[in-house]
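See below for the structure under consideration.
Note that the chains are named A, B, C and D in the order they appear, and that numbering of residues resets to 1 at the start of each chain.
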Amino acid sequence: MDKLRAYVVGATGLVGQRYVQLLADHPWFELVGVAASERSAGRRYGEINWVLETPMPSKAAELKIDKLDVDSLPKVDVIFSALPSEVAARVEPEMARRGYVVVSNSSNMRLEPDVPLLIPEVNPDDLSLVKEQRARRGWSGLIIKKPNCSTTILDLPLKPVLDELGVSKIHVVTMQAVTGAGYAGVPSVAILDNLIPYIKGEEEKIVNETRKIFKADLEIYATTTRVPVLDGHTEAIYVDTVKDFDVEAVVELMARFRSVPQELGLPTAPPQPVIPTRAIDRPQPRLDRMAGRGMSVVVGRIRKLAPRKLAFVALGHNTIRGAAGNAILAAELLVKSGLWA
Amino acid sequence: MDKLRAYVVGATGLVGQRYVQLLADHPWFELVGVAASERSAGRRYGEINWVLETPMPSKAAELKIDKLDVDSLPKVDVIFSALPSEVAARVEPEMARRGYVVVSNSSNMRLEPDVPLLIPEVNPDDLSLVKEQRARRGWSGLIIKKPNCSTTILDLPLKPVLDELGVSKIHVVTMQAVTGAGYAGVPSVAILDNLIPYIKGEEEKIVNETRKIFKADLEIYATTTRVPVLDGHTEAIYVDTVKDFDVEAVVELMARFRSVPQELGLPTAPPQPVIPTRAIDRPQPRLDRMAGRGMSVVVGRIRKLAPRKLAFVALGHNTIRGAAGNAILAAELLVKSGLWA
Amino acid sequence: MDKLRAYVVGATGLVGQRYVQLLADHPWFELVGVAASERSAGRRYGEINWVLETPMPSKAAELKIDKLDVDSLPKVDVIFSALPSEVAARVEPEMARRGYVVVSNSSNMRLEPDVPLLIPEVNPDDLSLVKEQRARRGWSGLIIKKPNCSTTILDLPLKPVLDELGVSKIHVVTMQAVTGAGYAGVPSVAILDNLIPYIKGEEEKIVNETRKIFKADLEIYATTTRVPVLDGHTEAIYVDTVKDFDVEAVVELMARFRSVPQELGLPTAPPQPVIPTRAIDRPQPRLDRMAGRGMSVVVGRIRKLAPRKLAFVALGHNTIRGAAGNAILAAELLVKSGLWA
Amino acid sequence: MDKLRAYVVGATGLVGQRYVQLLADHPWFELVGVAASERSAGRRYGEINWVLETPMPSKAAELKIDKLDVDSLPKVDVIFSALPSEVAARVEPEMARRGYVVVSNSSNMRLEPDVPLLIPEVNPDDLSLVKEQRARRGWSGLIIKKPNCSTTILDLPLKPVLDELGVSKIHVVTMQAVTGAGYAGVPSVAILDNLIPYIKGEEEKIVNETRKIFKADLEIYATTTRVPVLDGHTEAIYVDTVKDFDVEAVVELMARFRSVPQELGLPTAPPQPVIPTRAIDRPQPRLDRMAGRGMSVVVGRIRKLAPRKLAFVALGHNTIRGAAGNAILAAELLVKSGLWA
């Protein structure tokens, strides 16, 4: 097939750069344009402050950065959005109204009932909410959201546990990478030889988004912290299960967890979405964040602390599985779903 | 009074260096000697690899390092021990047998019923266990232990909560500084841009020591992690209380918590052992670890997440309140107790 | 004597905070007020984002932050300025015109011939330039500048070398702490696991300011870099000397270097402004930046690489000796000079 | 052709791990075995503490680790050595005597006149020294060395400058990554919020190896420092040239520098060995170390400071171009040279 034309808005930020990186050799999508705020518009993409660990894809470097303007968007098949939420709240519905398929990283609208909040392995069926969305809002396009990065990294390993054992209560403490706050979000003076036990709005997102994704009024307690790590969010998790378990069984059910993206062979789907490790001191962000090319969540320290009291540590790449990668995977699911505009 | 003669064994390690730093201008103790393993013995203390953030006290620099030899210990009034546990297990009882007062940082013997495991503000009365200890073991000296650093930083703010509200369950996740592992304990390759969600033996220590200190079979779940921070352990804590509470009341009861060391005006006692902060993004290790000259625990993010579900974040200096400072405070309590040899 | 009333403008930034910290128990100066930009004005100083390693002085916490307004300055004896240069360029001359003594950290006017650019141990006599300054400009007040932080840390150990051996050429490479760029100057994403080999304007400042300070058209080559260190600038320096030397002699001449501030016993003057160390792997920022309470420059790796080719590494605290401390020392010199307004 | 059988000795250390990573999909070499010290011998390679940023190649994980024993080496075509120098000094000559082709990272023998010290783009002709080596030593095998990592990163950009402009003097200051010291070489307590201005033996290596490589008694002054960076050595370099130059010409001659490895299309040869960048604040280790898949040196801040005074900053990946990658490239050159045993 001809590749679908993809457009990235908010393309100069950290998540925007991940979109550009991940779309570079994508078999289905072709990155045909990028847009950003006035400040960068008009420059070549190659001139921006690229801060990923591998060189910028050479084709992307040649693109001219458009000024984001909802009235003069190019003809494309899908828009990947990494806009700041307050901009996204204004612009994305306009895009959808004009017929664009928008797959978005921004936090606005995530909790609206007709908006799919997709972790493709966890709640693929929620994609069909777009039918209701279009009908109700009269849009010819549509909007799909991916959840908060910490939500995604929590919910992926939680899914098989919840399905097999049931979950009555969750206590989670996150240790999140600085890239989660954007390029200038955490000054070095604030985080060198330090950590910050607060991330604005993050705890509420974990609670509310997880409840929406699992369609369950789960009892979740979250404390979110920022640590001097570049990429990779680590989460120490306690789960009170409904059924009792033994540790080996939990390792097994996580290891064999597969879902629709794996069945469909979606290009960005990792072969194994949740990778339990038996190494005593893992997962570690620097060593495990690229598992499954950044799309797998690595789980370690799986312990039974008491009957029906499970503990483990989960780690995922915050700007790949937690952001751009998850959004692209959602778009791939949409392509295969027959729900495309 | 004449100062009591203090001797530091294991004096070249990180905790040993803290002992030396904190004893430098101590009003009651005079550092008269230091001992270390064969490797350092015979050199001047000024020649060691001093790694604290302020220059070595000039008097300490002049001391010659003794080879640790239980058969030729100098005549001193108190021995502060920062020996590796396996060495301590062998040497400390011998010292006590020979009549020495040993105040020790090492983890051996902490759980033995006749050994005081002291956080002077939390369980000062346990000091009197030394009577039983001496009687039972036939020692003319005695051994006092301070708990694991993470235990101490957890138990200090827990004490007033437990006293006022009752505690039925605790979930804790620690984020511990690299100095907790000793000078060479964590290679830089292992921790730069990284964290490690495992510290050998630490979770068991938190559980077992806290139960001993509070004389209660508390339900405690602990996950301990290492983060790229130099000094200061941070702990994200969830407490299920017996009585319900409001947040302001918890702030108040922590803020006004005082105990025997404050009443006695012990020199190393901080005016306020637990300092609740209202700043939304505190405590932070770099900014708060020196509160109360490293002897206070700073508590923030005090939240009520549900009825009888308290959450907060606690931070303390791991080698001061968590180690040498707490040990010196325990020795001061002993001086005032009338239990001295 | 009654203490002189000191006022800090630009008091909320990193250098402003150092002024406040260093003035807290100053024997000659009393901090009576602080000013900042509109954003902070009206709040108590205790509410700002204090980021130094020790708690904020309690008296400072009570001060109300004034909005900086040159037309309604309080009656004070000396103004310590840590304003951004573009603001300083506008405001400081107005202050001097209105009769205020301004001691400034900002880079504007540093190279003007009638402005003392003071490292009190290096060029104390330049203080008398203020006579010319006032006469020429018709000011009843005056302005004194301290040099760039890297300049100061280079020039202090250079002074005795230049005096004794003569200097024909200097190659310097700096490794500068992130606090040198201000609180938000270096994002953590930019510097974790990284360094940046460029600091805007810094190389020119080192060259031009050093030439002015030594009144010599020295051949200086500078490369300035930013490293993930919080405080303390390190400089690797090669000096081509005019006379030949042996290393011991250089150690000696640095060690015994004293100057007017030491002779006058100025309160902020370190007993030994330049401290050569014989430890093979020093100076190191974390271990040596607080030498002389942050006012000494520690020098190590003193080597003779060839005849008349001297190499060494110098380190100083960038916001104490490199900024606020040096400015306060300059003010103390002024107090003793008889040149006071 | 059939792939050549490669064997890595010292395979569990950081450089050993890089060999294993880079040989994983190598078109000419097949990794058939790994050896290490007694401690690891007998375990599967998959069980070691792998610390590279990408997962261990799955085929390598299956290899059993041999105990290094020169008397029972397997039949292989080439041995890549990452042994500690003192072990290498004993073992490598024995291997060569027994007919093995040894390509080594270790520092022993580097300066012996009949041992090629190869940067394949800089001194490819030195490979022919092996003829003399075998003749003189009576070896049926041979030994090739790669230089110190900092030497390589200096000499690559120096080569075109030296060829075109001549070089009379070099001042260099390195800022080296912690992986250069091996896994446990730099404790985190030693380097967090810090740097260390000394690396044992490193300055001499830069001077002596560069002189050997360029066959010139160059005047070189080196200061080597360790910084809290994981991978990538940065070097601030001043070069006194013989001919005068303009900056654009230097950019050009670096950019177009190609050599034998590029002409021969060696698999590990980067298309462009030296990449000058015009970005004002580059090269930076985190962003540039993977240029040319870790085999290019990125050069920035190219400046003319005075007539015939060139300054620039160079950066290369210390364990790829600086170690294992350079060694593999040397082996590739040997394959094509007709000098193979």
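The working rule: contacts are C-beta pairs under 8 Å (C-beta built on N, C-alpha and C of every residue); 3 or more make two chains touch, one makes a residue touch a chain.
Small disclaimer: the values here were computed from a predicted structure and weren't measured.
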{"item": "Any chain that touches subunit D and subunit A", "value": "B, C"}
{"item": "Centroid comparison with subunit A (C-alpha atoms), farthest chain", "value": "C"}
{"item": "Distance between the centres, which are taken as Cα means, of subunit D and subunit C, whole angstrom", "value": "41"}
{"item": "Length of the line joining the C-alpha centres of subunit A and subunit C, rounded to whole Å", "value": "47"}
{"item": "Subunit D residues counted as touching two or more neighbouring chains", "value": "51, 192-193, 228-230, 286-287"}
{"item": "Contacting residues of subunit D [partner subunit B, same complex]", "value": "14, 51, 178-179, 183-193, 228-230"}
{"item": "Residue numbers on subunit B that touch subunit C, as the complex places them", "value": "50-51, 53-55, 192-193, 230, 286-287, 290-291"}
{"item": "In the complex with subunit B, residue positions of subunit A that touch it", "value": "171, 173, 175, 192-198, 219, 221, 223, 225, 227-230, 234, 236, 238, 280-287, 300-301, 305-306, 309, 311, 313"}
